[in-house]
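Letters A, B, C, D, E, F and G mark the chains in the order given here, with residues in each chain numbered from 1 onward.
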Amino acid sequence: MKVIPLGSRLLIKPIQEEKRTEGGIVLPDTAKEKPMKAEIVAVGNLEDADVDLHVGDKVIFSKYSGTEIKIEEEDYIIIDVEDILAKIED
Amino acid sequence: MKVIPLGSRLLIKPIQEEKRTEGGIVLPDTAKEKPMKAEIVAVGNLEDADVDLHVGDKVIFSKYSGTEIKIEEEDYIIIDVEDILAKIED
Amino acid sequence: MKVIPLGSRLLIKPIQEEKRTEGGIVLPDTAKEKPMKAEIVAVGNLEDADVDLHVGDKVIFSKYSGTEIKIEEEDYIIIDVEDILAKIED
Amino acid sequence: MKVIPLGSRLLIKPIQEEKRTEGGIVLPDTAKEKPMKAEIVAVGNLEDADVDLHVGDKVIFSKYSGTEIKIEEEDYIIIDVEDILAKIED
Amino acid sequence: MKVIPLGSRLLIKPIQEEKRTEGGIVLPDTAKEKPMKAEIVAVGNLEDADVDLHVGDKVIFSKYSGTEIKIEEEDYIIIDVEDILAKIED
Amino acid sequence: MKVIPLGSRLLIKPIQEEKRTEGGIVLPDTAKEKPMKAEIVAVGNLEDADVDLHVGDKVIFSKYSGTEIKIEEEDYIIIDVEDILAKIED
Amino acid sequence: MKVIPLGSRLLIKPIQEEKRTEGGIVLPDTAKEKPMKAEIVAVGNLEDADVDLHVGDKVIFSKYSGTEIKIEEEDYIIIDVEDILAKIED
């Protein structure tokens, strides 16, 4: 199934950050902390938005914005480009 | 009875997703989860909207938006094109 | 008494739908369900609205919008054309 | 005392409708029902409004809109032309 | 002390209306009724407002709008011209 | 430390008014009454505002607007020029 | 990890002010007082904003505005340039 965002929207996949203890054991974030990092999966029409965003980019998005959807049992968010706060480069 | 949406509205028919257990028994979604997938049944005037949407397209729409109506005992939603988040292709 | 809607408003007369049992007995809708179908009785100035609506047309209108008025003991609604969701053809 | 409405406002005098019983006895409306009919007493600058309203016209106005004022012990309403819903002709 | 209103604002002095009994005794309004009549004391820049208002004019203003200030123990209101509903002539 | 207001903002220093009794004893205002008089300490870019305001001017400002800040133990307010109601001249 | 603010946003690092007692002991602010001073760490596209802000500048920002994020265990805020109230020079 392919999801094509309409208008100035993007489809993003939230990245659940892990925390490692010193001994290397992986601790998931508490459920209360909503993830704010995501990877862009699909983009709509960003021509008017004047931003440099592409599929595969990692971004920080505005907590509680966008609409959560489930595609084949995985969680995604459809979000307006206005709610993408920043781009992350490693 | 034919319903012709006015302005930048569409008439959509929500798709109630089914879940199959491994043994193949069909389990309907819980009533709490509102469906967000729909098929376009009729379109108004989408000229200003700059989207590629046609009768028969499957879409994801914004939960709780639009107006629910009953036509010949079936449930439909009249919704503004702005509240159509994405188009789905199989 | 003649009522001439001002601006982009229309005067509509709600249609109370009846339900017939198999035996043909007419059952009125429950009072809780507000009617959303109406017939256009008079139109104001719809030039800017770019819709094809005329006196006698049947329409679906947005529940709870418009202003209810009583003319000669009959119920009518004065409503903006923006709150007319769709036109109905038989 | 002369009241000159400013901007796109009008001064209107609400018309309290009477109900006559079959025997001809006049029964005033209950106090709860706010009158929505009025006669135009003075108009401000309606040039931008593109409506045909004059002193003496009877109108239907939007309940609870406008500002009630008392002039020489009589009740009037100063109201924006946008809140005049319709014109009434006998 | 001279107060010069900025922008499209005016400085007005509310007029507390008196009521005379038939015998000529002056009865002040009850404290609950906020005065809505005022005299213009100073005007800012009304060029864009397209209204004919000058110092000394009596006006009706929108209850609860504007900002109350005290100048030399007297009550005044700084109010936007948009909240002046009408001009009064005797 | 120098504070340079950005955009159409100003830095103002509230003036706490004193009250003198007939015998000349100074009584500070009660704490409940927020001061609304201030002196302009610094101005941002007022080009678009079309007002004649300069450092040292005394002004009346809209209660509860602006942002209170502390600079070297003194209270100041950063406020938009739109919330400056009037200029005061002695 | 590099964070590139999108649109007219900036990445700022709040400055927690310390208070020194006369004897020189450092007392941190109480937790209740939110810091309002920050240093600019990265800027997005400020072309339309007409402000003179650069990385390294110290600013005063509007309390409770912007979005708090954690980068490598340090607290930052992504904030719109509109919520930067003033620039600070020593």
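The criterion applied here is as follows: a residue touches a chain if its C-beta (ideal position, glycine included) is under 8 Å from a C-beta of that chain, and two chains touch if they have at least 3 such contacts.
Note that this is a predicted model, so its numbers are computed, not measured.
*Asks:* Enter the minimum step count from chain C to chain F; a value of 1 means the two chains touch.
*Replies:* The distance in steps between these two chains is 3.
*Asks:* How would you label the chain B and chain C contact, same or different, if same means the shared numbers make up over half of all numbers there?
*Replies:* Result for this pair: different.
*Asks:* As a quick test, compute the distance in whole Å between the mean CA positions of chain C and chain E.
*Replies:* Taking the average C-alpha coordinate of chain C and of chain E, the gap between them is 44 Å.
*Asks:* Suppose each chain is reduced to the average of its Cα coordinates; what separation in Å results between chain A and chain E?
*Replies:* Taking the mean C-alpha position of each chain, the two centres sit 55 Å apart.
*Asks:* Counting only residues that touch at least 2 other chains, which ones in chain F make the list?
*Replies:* Where chain F is concerned, no single residue meets two or more other chains.
*Asks:* So in the complex, the part of chain D that touches chain E is made up of which residues?
*Replies:* Contact set of chain D toward chain E: 1-7, 9, 11, 44-45, 67, 69, 78.
*Asks:* What does chain G use to touch chain F in their complex?
*Replies:* Answer in residue numbers: 36, 50-51, 53, 60, 62-63, 82, 84-90.
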